[in-house]
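Just passing along the structure, written as structure tokens.
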Amino acid sequence: MSKTDPGNFFEDFALGRKIRHATPRTVTTGDQALYTALYGARFAVHSSDEFARTLGYPRAPLDDLLVFHVVFGKTVPDISCNAVANLGYAACAFGVPVYPGDTITASSEVMGLRESSNRKTGIVYVRSTGVNQRGETVLSYTRWVLVNKRDQTAPGPDVAVPDLPDSVPAGQLAVPEGVDLAAYDTGAAGSGHLWEDYAVGERIDHQDGMTIEEAEHQMATRLYQNTARVHFNQHVEKGGRFGRRIVYGGHVISMARALSFNGLANACRIAAINGGTHSAPSFAGDTIYAWSEVLDKFELPGRSDVGALRLRSVATKDLSGAGFPYKDDEGKYEPAVVLDLDYTVLMPRRG
Amino acid sequence: MSKTDPGNFFEDFALGRKIRHATPRTVTTGDQALYTALYGARFAVHSSDEFARTLGYPRAPLDDLLVFHVVFGKTVPDISCNAVANLGYAACAFGVPVYPGDTITASSEVMGLRESSNRKTGIVYVRSTGVNQRGETVLSYTRWVLVNKRDQTAPGPDVAVPDLPDSVPAGQLAVPEGVDLAAYDTGAAGSGHLWEDYAVGERIDHQDGMTIEEAEHQMATRLYQNTARVHFNQHVEKGGRFGRRIVYGGHVISMARALSFNGLANACRIAAINGGTHSAPSFAGDTIYAWSEVLDKFELPGRSDVGALRLRSVATKDLSGAGFPYKDDEGKYEPAVVLDLDYTVLMPRRG
Amino acid sequence: MSKTDPGNFFEDFALGRKIRHATPRTVTTGDQALYTALYGARFAVHSSDEFARTLGYPRAPLDDLLVFHVVFGKTVPDISCNAVANLGYAACAFGVPVYPGDTITASSEVMGLRESSNRKTGIVYVRSTGVNQRGETVLSYTRWVLVNKRDQTAPGPDVAVPDLPDSVPAGQLAVPEGVDLAAYDTGAAGSGHLWEDYAVGERIDHQDGMTIEEAEHQMATRLYQNTARVHFNQHVEKGGRFGRRIVYGGHVISMARALSFNGLANACRIAAINGGTHSAPSFAGDTIYAWSEVLDKFELPGRSDVGALRLRSVATKDLSGAGFPYKDDEGKYEPAVVLDLDYTVLMPRRG
């Protein structure tokens, strides 16, 4: 029996199957320091223990997307090792905050299956969940991937496609227990713009651009213990479709989030990711820009200190966000667009 | 109203104005580990909790220049976002040591103003101060920058130029409270050369060279949450004056300090930076060398365990420090010189 | 007297001389986070405090090779600064685990000397030992280097060559005190293959490849405070034998170890390195692959929970390990082979 792990093929994903992912991970201030070095994030809640304590956190929680990447990374060997494509994700809700010293583990459940018409591949829908050492959910999301079949002549399963919400509803947006944003210090956080100041339809160009280096995206992706080969192996990729290593899509999400500080400095927590598309690959040498649009804004049940903004953040490569590049007349993404992310943030209210 | 921060223009700096800078930052052993990885620093006080404790520190303090960079980084969005040039700094005194877990915040006060004769720009002098979570000063320095005016027709302010000392006087060089260097272990620190062994006028070639990579200076500069655009955006800089990203000057200072270990291993604390000039820009691919000269040496009031050396450290690119390259006959920096730093270090005495 | 350290020449190594190496180093979760970012290691014991505690560790110990690199780095300025070549190492035994917060110091003793026949150089054998702040040994190994003589006319010492064991015997393989692998959770660790499942002679291709970047190997090598110049100075190396910086051999060892997870996921501790050869240099841009062979397997005295595997791990550049590339008919390493490492790991038993 081979000692190496071949990963799962389409046939291995039975509806309802639960997969426990390997390598529990204790996250630390070392991970957070690397995250800062990789993206330059400046959101005050994650940057300062003192700031976080004034809001009721015991200390600064890790950046939300760092938690996302760690959970996502754990699922890769079991879910997307033999994937042809990552098709999408939805219904991603962030749970309890993660603090340095917490240990994250992840598991997934197969929620849907659909064999492709060519019978060579199939779509697998999984619900992946990350928990801390107390079993509290830190993150839960659905994603679907196109996976190779081991045996193309094998009969496919019954089609089962899960219902996926357009967005995570307000009632599922978790404000961390004990946290109250009434005391939020806008001077320390770097912007006076609060929830009331944003209007649905408003668009913000985040202005700055950041160039990706090979060492950076590789270090980031390894930090997340994400083993997808296309990110690391130039010897193979030089003969591949693009001739080079592909940047982990989550790296671009984190770059867009860090860039969005300039305009969304008080978006102090990502509460949900409603959906996202990596419309084109990114490579080392690309300079990433971002702009955002307010898709919706709403109150949270029983809270006067904090409200929610649903945002679209679009990342582009080698093109400024000043013109809000997005889609052409036929609805196709413009070539410079690499990311279209629909997510929901929490922001302090004037109260 | 724009949600993004346009930064301050010359007109925004009124004499005496106090600016509170954003993003408090809790520094950690993660930051120190990254600092070690970026520069290879080996000064024993900062490398070992055990060594530091033998001298009366509660644990190893962060590298002095890491503290400098974090404070400096916070000032960038408010002070130098619209700067045409960083002209100089002076009177930089280090205060209480910073330990992992401390939270640093920064503020500045406008100390001087002088409109340029062309009325397009003006020089702003600010005194910037970093404090820890107890309000104790960790660093204070004056710098002056050439800033664009928003409206070139606007009348300029009265000229006010602060008195700047040639160097930080001995009485303002802080030996951390409770620290006594009498027990300093030269064997552990890596050199037997103490304060008595250095002579004014002595020059030391630090011998080693270190090549800068894009990923390194970007990660360093982001670690410091320094947002100056020229360091990160190749898409814009390829059309700029140099055709490439410019390395943050502080990155070169830290390289020179780390290289200076070979010859100044017992310069265990930077107590002051008297002044500094970035005489030429550095870029990825440059190999940085350094040499130092002892400008002055003096006792500290009431201390027999520790003395001060005033040093000039000169960093060069792609030229060894063996010939002590500096200025030509006309007083101009030789082309290879990128940094001329005048600073004061503490060093143990034989007692 | 020169303030810079010229390092030791062959004449400086007297038989029995003990050398205390500089710069004690407190290791932290920051170092471990960087180690993860540099190699993507996934061994559960080092990744999770919770996992480690189930086995009797107080928390996750640092990666074994991180400890090796830190100790090795300390020896460089004294032992191999003037080395022409690193010839080999042997009898490397790992002692007590190292935890975040521990402080490592290192010393060496000269165990053997042999002048070269050309009288320009000589081989120095040293036994280097790393200890923690309690004086407990964390690592001890012998290495031998070819060192320049200061004065080629000076008479050489009597020849003394230490006896070196072919491998570290089972009785010297330390299972950390209080650790019991009976409760080892293979589901969390990512593989069900235990000690019983491996057969002597079995070969495993670890499949994945990882491309080295300059910024990565430089950051790694500086993290270890290793000062060997060939790794850092492109300005000098561009005129050297290879025209470029040489990657620290230990960086490749750590890459091979991280890659070996796919096939050896439960090799939860490196207990010994029996010997190793860096058969060719590695450079930025090389893609490293690895394969392993089980050389031997044996029980540990008095233990039913854990056994030992003696392994050969071979790393190659720009050539997959699928064909197990090693040596040609004449016993010479194939050109793609860069590392031949003989080491002994501990692995849980079925009990």
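Each chain gets a letter, A, B and C, in the order it is written, and its residues are counted from 1.
Keep in mind that, in the parts below, a contact is a pair of C-beta atoms (placed from the backbone, for glycine too) under 8 Å apart; a residue touches a chain by one contact, two chains touch by 3 or more.
Just so it is clear, the model here is predicted, and its values are computed rather than measured.
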{"item": "Angular offset of chain B relative to chain C [C-alpha, multiple of 5 degrees]", "value": "120"}
{"item": "Copies chain C and chain A - interface residue numbers shared by over half, same or different", "value": "different"}
{"item": "Centroid distance [mean C-alpha coordinates] between chain C and chain A, Å", "value": "36"}
{"item": "Junction residues of chain C - those touching two or more other chains", "value": "28-31, 33-34, 213-216, 219"}
{"item": "In the complex, chain A residues that touch chain B", "value": "28-34, 36-40, 42, 44, 47-51, 60, 187-191, 193, 197-198, 202, 204-211, 213-216, 219, 262-265, 285, 287, 318"}
{"item": "For the chain C and chain B complex, residues of the former touching the latter", "value": "1, 3-5, 20, 22-26, 28-31, 33-34, 77, 100-101, 103, 105, 133, 213-216, 218-223, 225-227, 229, 232-236, 245"}
